[in-house]
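Just so it is clear, A, B, C, D and E label the chains in written order, and each chain counts residues from 1 on its own.
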Amino acid sequence: MLIDTKIPYRYIFHQIKWDVARVILFSLLFQLLKTYVASYLPPVPVQLPTILGSFISLLLAFNMNQSYDRWWEARKVWGAIVNDSRSLVLQLRQFIDPRQMPAGEAARLLRRLGHRQIAWCYSLGQSLRGQDALAGLPQFISPEEMASVAEHRNKPLALMQQHSDDLATLTQAGALNTFQQVQLDSTLVRLVASMGQAERIKSTVFPVTYRLFIHLFIYLFLIILSLGLVEEVGLMEIPALTIVASAFFLLEKTAKFMQDPFNNKPTDTPVSAIARTIDINIRQLLHEPQVPEPRKAEEFYLM
Amino acid sequence: MLIDTKIPYRYIFHQIKWDVARVILFSLLFQLLKTYVASYLPPVPVQLPTILGSFISLLLAFNMNQSYDRWWEARKVWGAIVNDSRSLVLQLRQFIDPRQMPAGEAARLLRRLGHRQIAWCYSLGQSLRGQDALAGLPQFISPEEMASVAEHRNKPLALMQQHSDDLATLTQAGALNTFQQVQLDSTLVRLVASMGQAERIKSTVFPVTYRLFIHLFIYLFLIILSLGLVEEVGLMEIPALTIVASAFFLLEKTAKFMQDPFNNKPTDTPVSAIARTIDINIRQLLHEPQVPEPRKAEEFYLM
Amino acid sequence: MLIDTKIPYRYIFHQIKWDVARVILFSLLFQLLKTYVASYLPPVPVQLPTILGSFISLLLAFNMNQSYDRWWEARKVWGAIVNDSRSLVLQLRQFIDPRQMPAGEAARLLRRLGHRQIAWCYSLGQSLRGQDALAGLPQFISPEEMASVAEHRNKPLALMQQHSDDLATLTQAGALNTFQQVQLDSTLVRLVASMGQAERIKSTVFPVTYRLFIHLFIYLFLIILSLGLVEEVGLMEIPALTIVASAFFLLEKTAKFMQDPFNNKPTDTPVSAIARTIDINIRQLLHEPQVPEPRKAEEFYLM
Amino acid sequence: MLIDTKIPYRYIFHQIKWDVARVILFSLLFQLLKTYVASYLPPVPVQLPTILGSFISLLLAFNMNQSYDRWWEARKVWGAIVNDSRSLVLQLRQFIDPRQMPAGEAARLLRRLGHRQIAWCYSLGQSLRGQDALAGLPQFISPEEMASVAEHRNKPLALMQQHSDDLATLTQAGALNTFQQVQLDSTLVRLVASMGQAERIKSTVFPVTYRLFIHLFIYLFLIILSLGLVEEVGLMEIPALTIVASAFFLLEKTAKFMQDPFNNKPTDTPVSAIARTIDINIRQLLHEPQVPEPRKAEEFYLM
Amino acid sequence: MLIDTKIPYRYIFHQIKWDVARVILFSLLFQLLKTYVASYLPPVPVQLPTILGSFISLLLAFNMNQSYDRWWEARKVWGAIVNDSRSLVLQLRQFIDPRQMPAGEAARLLRRLGHRQIAWCYSLGQSLRGQDALAGLPQFISPEEMASVAEHRNKPLALMQQHSDDLATLTQAGALNTFQQVQLDSTLVRLVASMGQAERIKSTVFPVTYRLFIHLFIYLFLIILSLGLVEEVGLMEIPALTIVASAFFLLEKTAKFMQDPFNNKPTDTPVSAIARTIDINIRQLLHEPQVPEPRKAEEFYLM
């Protein structure tokens, strides 16, 4: 997530440099053409750039809106993960009846579930970003669990399975009654759903032809605009066209980055920072003395 | 689902070839008309193409948005199927109490339900695409079940009925208590709802007149634009009009394909690939040694 | 619901004939005016038709979108009815314990509830369309139930009350335990909600002034456009204006028809066909030998 | 809610008379200015009215859409109240076991809860409209309850509290078991939520600056348009501008009225009529012989 | 929340003064340039300001819509907090069985939970606004609870933990049975979710590049418009441009303020006033004699 301040110009410029270079190139080309073959160039009727301009503006604005919705949906999914992680620990503390288990066993299981929930959040974030889904997990789960998780293709799902097994254990020991088990299971169902929703956003490519045609239409519009400007504006055309083109390409790139919020880029949903927040919350709900610091922003963004 | 790279030009061109041919034809026609009867052609007032152009741009942009919503809804439905399939198996493993049944019976029923859930996903995907809903199912369900399903018109619904019967059996045997049965039934209710939602998207034709009028308006707009261009641009009109027309028709076709995401086309929701993912997940949750590979993309799309 | 093919021209033409006639009339009138009093007509500034044209285009496009949402919501409500009807029967089969009742009694009650659910779907569809809500019901429910339903103003609600009474009977007989009763009641609550949602769409008039002003603005726009065209285009104005006007009025009518999807028109949500699908599904879930055929489309639409 | 027919012109005209008067005034003023100081008036460049016109058109169209969503949300909330009121009575009839209470006591409590639910609907509608929330209630609830409700600031909430107390009474008497109590409580939770949602729409002012700026921009646009027209159109400017202005102001007013659907105006959500429908439904579910008539529309609207 | 009336001009002017100053500055600059180097200035083609104007209008209108959605979502979250706070107290009163506890203990616990719920609402509102989350809490919770809460980083979450502990106490004492506990826990889950949703809106910066580019495009548009006006309008350009610029900047600022509804500004969601409403409701549900007054608006806004 980009932070409100201090976005360096080079970051912004970096995104559109090739497209802008191409635009400069072809406006130069049209200048040359004009010098040598002006009389052969067809006149561009005045309506064409206006019609195409309003068409591409509309497409871009709608596309921006769809990208925004997708970005906001990704953030909502991770918001739901925060909420359900907190609720899970609150519910476990409230429901587990320690009198039904050997001394200390209930507390040990509560701690195990809480830590595994932290591990799940980190692991899900890393796997969405295509990073190692197991990195950093050994501090939260036991070596046996680690080994079992490693055998699964979908690591966060394996952690959920261990949660589910623990609930069965607690119920069979009598520390949870069946209603409480089912209520906790409902929380797991919601967590599994959030996981699947994040995976859906990650794995569903934004409609490719739609994205591609918008890109092509911007070029089409700029070429027709350029042909129209050639006659009237002369050499001043090149900076004018470059600025207008930059405006359109910047918007297009912003839309594109918002469409893919789990790409390990500065515009990502800040899943690491959110997982850290959950880490802090759960440790405090478990009354642990040591709590990590919230993740700091790096330069101009927060991962 | 189209994959991000390598969409062949012939695929794109194939979609709009007839419409573009028609546009070339009538712009040729207007050129001829102009040569012979220029003086009789009425002047097209400058506002008409602009007004119609912004109207058709708006309609197309909104239509694109509605198609996108429908496409995204279809993907969400299948995302929910992923989540509930995983939850179903997690819940069954957690809830079933093997001590209440003959040795091995609980494990056998768990495996039967898990495999039938895989079968259900494949069957639903195939029936939505108008393919044989029973193809490939014998590896997951027994011949008796197969025979019973074959008698139903709606095959996936018949599989759900067998799920439901198994829950009754498990409850009567005491391996599930009623509260757990009801929680599992809630998962079945969600799966039945997702099935119905996918069928709804499949069976509900996008408003025909709306779709038709957009198509006609694009032609109307192009004809009026063509009449306007005739006077000013001359022979250069034909490529200009062809390019503009292609832009509009490409968008319209993209919208149309997104409206029908279960049509056995490259732009489909990738239901086979999603069903395979569920297949892998469920087998790993059941600790089966053999797990299939994720489905690969074919050339430039993933089914 | 209109079917994808074969919409006859007369059907489309029929919708807008009066509006188009009016447009032809006043463009003729302006021609006459022009011939006699041209010098007294004020010049229409070039911006006015453009501004009004883009305003009315926007209003129509948004209106189309709102109508589409309403139409899609109506379809979703009936999709939910499909899902919950199927779930209701699956649940009843799963939950009812025949050992707690006299022989055959449980099967009889199951069949009664299933048939009443079919009756409810037909009855709701007919009452939404303003038809006789009781037509065709005697083949599904007993004469006593029929008599009791006839006394209620809201027939589908009366059928739900009988469902509810049967659940109480089954529970008191011990064939359902309380958890199962409550789970079944949740399904009834969803069905009651769907019924209310369909009634809401039926009874809530789309904001009248909004609809009216859009209609008036189209005329206002056409008159101003007509005044503008008079000077430039001459007699060719009449067909030009007629075509443009038809485009706008067709869109407006399409929007209007989508706003009211329970009006017994070809553009309706196909509630009869959906009820038939439920009929087939429930009979097959009850293992009945005789099952009706799916409803066929009539000419170019499906009711 | 305005009814589909017969909206009197005076009602429509009444809404915009002051704004239109102001527009006529300043177009007159510009005519005078033109006569005396034409040479000093700056020429208005042709793009300005077009740009501002499309900007204000967009704002108004989006604003209309937001207002429509708010209006539809209000209607949905009241639709949910209909559904949950019906479900509440169906559930009470189904769940209450009369054998656990003195003869007639269960029937008396059922009737009390049903009548109080009717009272709640009327009371909520009246309090949303700023009317006396207690008017007409004595025919539904006892004098003691009436006195208790009168002490609360939020009358409908007090009625819900009495519902809640009755559920406790029924449970303690054994006429409801705990699971049924919880299911009924879920219905109360939804009713409390609907009440809060209606209050939210009522108490949340539509963003004031947004509404205000739209109003000012319409004036700004009209002034600039007027300046532009002065040169070309002459005296005919006044009716032209008046008509265009009326179009914009009518839309703005329509949007404004839809934003506040509980204002005791003809454009309100018809809460009295909906409460009457619930009244009829509940009485028939309780098998009462006397049932009121549905509320009739008054002249051109239904409250 | 701004109140419908009496927004002082200085408040509005204050928001855009720097942007307007910059616009005046550069239109002055262009006037000077024109006087000295008019012949070197390139002509601005007539289409450019129109195209850019309709592009920036679209972006602003969509942005306004997204901001409005975010603002409305924030208000909905706090509406849900109102509803669930009321339901929580209604449920506690209905469920707690005083006969299972020492005399007066149930009433004491009910009062403690009710007051803590009030404290939670105030605390959440204050922490969202970056104020002291503990201010004013001692009048609602005991010193021991205060001390325990102070140790947590997330104060409202700590209060929820205490709620959760109390539910466990009540259940262990037998004053709640497990169904009732689970139903109350569901209410806590919803409150935790609402808290997380408000935190999500607070902590998620609106996409920075999107916001930034809109700001830059307004300037780009104004500069190009200014260049276009220079030739035609002369000195009158400065007020004209200033007014148009103010319109765009006012809208942009309005959108920006709606994006961040928990910023301790007059445009905030009125969380203090909502918390006060909950305070009043809960005290009356607990039959307390002393109830505070609703919060009054300050000058032109309500916090």
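Note that in this section contacts are C-beta pairs under 8 Å (C-beta built on N, C-alpha and C of every residue); 3 or more make two chains touch, one makes a residue touch a chain.
Note that the structure is a prediction, hence the values are computed from the model and not measured.
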| item | value |
| --- | --- |
| Rotation angle (°) superposing Cα atoms of subunit A on subunit E, nearest 5 | 70 |
| Separation of mean Cα positions, subunit D and subunit C [Å, integer] | 24 |
| Centre-of-Cα separation between subunit C and subunit A, whole angstrom | 38 |
| Residues within subunit D bordering two or more other chains | 46, 50, 54, 58, 61-62, 65, 179, 182 |
| Category of the chain touch graph - line, ring, star, complete, other | ring |
| List of subunit D residues in touch with subunit E within their complex | 42-48, 50-52, 54-55, 58-59, 61-62, 65-66, 151-154, 157-158, 160-161, 164-165, 167-168, 172, 178-179, 181-182, 185-186, 188-189, 192-193, 195-197, 199-200, 204-205, 207-210, 212-213, 216-217, 220 |
| Interface residues, subunit B side, partner subunit A - complex | 1-4, 7, 12, 46, 49-50, 53-54, 57-58, 60-62, 64-65, 68, 71, 75-76, 79-80, 82-83, 86-87, 90-91, 93-95, 97, 177, 179-180, 182-183, 187, 225, 228-229, 232-234, 236, 240, 243-244, 247-248, 250-251, 254, 257-258, 267, 280-281, 284-285, 291 |
